[in-house]
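The structure under discussion is supplied below as structure tokens; questions concerning it will follow.
So that you can tell them apart, the chains are marked A, B and C in the order they are listed, and the count of residues begins at 1 in each.
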């Protein structure tokens, strides 16, 4: 399917600057654009690519001023990235495999409830007493344990595992390999140093509009629940331990690890490979740089970095000092030389 | 099911302090207790919650002295956490889905051996010549490769993968997504920098009473075995490379990575996101703080932290020095100023 | 099956030093050798084991000079590790389960194409329009989404998940739990701080001769492709974000994380737990020590370490300075004492 610059501009509320009849049928990154593709310019770091791109259409900010000739037709919009997002959504719906019905063989316990419009892929397993909402997509080889509840329009991709008793909200997306509700890591050593399991009888509760990345693990609570609040977005390979709470609209990049009973506020942004100690409180709106390690909690709106984590400004100063350490040693050598020579003057 | 404080105290060998007839039917964390729940106080950090908890019963230490009135009935015991663990075990057995028999469709090779009392979930695969002990639970979509042996009472949760030839002991628990016996990472470059695979013909051997977390990976040996000894507990998303050995009763938090041929002693405690270089020896009883990096081995009983790892005391001092670096630069500036001004006096 | 030292030497082009008739039937590490096993000595760190090994045959370098008597028969070769690799390959082919044909039940869409000699394990899923080459092995419970293409002789181990539209080359090996083509992590916040999904309509493209470790995740591109070039070897639990490119013959140890749109050159070596920021360019032949963090790109042939990463030499000096910080503080204390006492002299 092809769309002209004029049609696209109308759909996203933009203004055409160039040939309104040029047509595109797919998307490309600006540096990889070919004729017939649409691209966008949002990150200023990529501005120089606009002068050489082969793409037919580029979404740009309303106030974009070209410093050299641009061959492509421009569509000027308030926020090119949002406009792109809207177009991608349309394209995605057209491109995604349309799935519905129950593929065979699959396993659906007799007393499981399944809403209207669901897809259940082959080799998927839906256990005893599970309650699945409407239009839920359960891809092949996914596992829904006994007593699990899943809200409307949620998607479990191929091979997702949800242990018994956990609750997942509406409009969630859970990617392949994610494991929801495995036992929290609880063991108590005896006098001989042999560890005995503490049974984990709590659950995981995931609210609406949460996305969970591939191979991420969210452990069930010892008692009570591990709680992922509305709108949280977790990337791949993240560890969420037992009894953790993650506040609404918090986003985390991949490979973050959160130890048990830690509470993370709402609206936080967490970089990749960050580690959180257990039993700490991270306040709303905390921003945490990649690879940081938090041994203690934060105040609202904190911006921290490093392991152990410290305020960003302090971290930057510490790095600057470290770079000048060699010079500092030399300066102290020189001071000693001079004060020693004074002594014998 | 309900139990009174009196019944519970008798079961765990405790002493009732308050109303022995108050009854509970579930568990809660102390800060989330509601009437009808039992909770516990082990971590002194949570002591203040006991004065406000709505829980009906609290397990406390024998010597606990309340500094304000406590509404709940107390049960005094030697170790509240152990007592709780015993109660959780009873509750867990009552709550867990009771599974037995062979669900269909599943795949069990003709020459596989299956002991009495096993559960095999739908879509589970048991390969050629596998030997499964008694009362083993193999959840749906788990994979047991050719020639694998599994001891009595072991549980493989949904989707666990065990490659051919590996051995797993008795009473082990392996969580969803764990991969046991994938090829070790062995490649040799030729003169052109092209890597050629070194076939990995060894196995993984897991002794009795081991627990392995969700999405953890334990690679097979190049030759011989990768060996996880009795009682080891591994959390989620841990990497254990080829030919690693982990000694008995060692516990590791999530996202730890261990490179090839490293030997880790018994009774070690390893924090989250720690990395071990290959071919090193970590002694018995080593304690390693989160996010540490070990480029070399340790002595028995070492307590280390940091990347590169150093003794805890040294690490603490290094952090203290780093905090005072700015002041140190200022002091050297001042010394230079004074010695320079002296010169011209 | 047994082979004599004479037969083995002839096969690998080596020279027997000792009893050419001694026979072996398996392999062992040098410190674990038993009679009837063959071992090798490549890492000088292990040299002392050769004098005590019980192994019957040891592969050594041509120029190896024993400093004590060696009981084993030696086979002298140019490169013992390569020679071992050749022998392991023969052994591996003999030992590996021979798999072929289509196990039942499996799910193969009517319009999927399957080349000659393929193996499809039970509970494997091959979606609508997928194109599978010759001699491909798709183990049980693997998932091949709609429109996926897979080249000849590739192996997908049990439980691998490949989302729709992705392309995998020939002779690739993908280990259990790996997830190829899950959505990239793309969300745009609105004015209320609520995140909205950016649909990810690109694909993952994996060229020939790539190996991908267990539970590693490679996300699909927002637009265009995430690209793993020929001969790349990725260990377990690695995160490759959307639109990343990894150049040919680059190898990465486990738990590495690469953020979106980063380009990594060819012939790079990346240690375990390294993190890469997004949108950076890492040049060909870069060597990166374990646990490093790269906030910016590198020049060709760079050797870097640390978080933030710096040249190896600078990193070593920084560690050396840190070790002497305590002494430096003491030296400055002393200088201040002396200059203060001078003042009043």
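In this text, a residue touches a chain if its C-beta (ideal position, glycine included) is under 8 Å from a C-beta of that chain, and two chains touch if they have at least 3 such contacts.
Remember, predicted model here, so these are calculated numbers, not experimental data.
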For the Cα fit of chain A against chain C, please give the angle of the superposing rotation, nearest 5 degrees. 120
Chain B-chain C contact: same residues or different, taking over half shared as same? different
Cα-centroid distance, chain B relative to chain C, in whole angstrom: 25
What parts of chain A, by residue number, touch at least two of the other chains? 105, 123, 141, 159, 177, 215, 237, 255, 273, 307, 322, 325, 328, 332, 335, 339, 342
For a test of understanding, state which residues of chain B touch chain A in their complex under the given definition. 27-29, 32, 39, 43, 45, 81-82, 84-85, 88-89, 91-92, 95-97, 103, 105, 121-123, 139-141, 157-159, 173, 175-177, 211, 213-215, 231, 233, 235-237, 249, 251, 253-255, 267, 272-273, 290-291, 307, 319, 322, 325-326, 328-329, 332, 335-336, 339, 342
Chain B contacts chain C in the complex at 105, 107, 123, 125, 127-128, 141, 143, 145-147, 159, 161, 163-165, 177, 179, 182-183, 185, 187-189, 193-201, 215, 217, 219, 222-224, 237, 239, 241, 243, 255, 257, 259, 273, 275, 277, 279, 293, 307-308, 317-318, 321-322, 324-325, 328, 331-332, 335, 338-339, 342
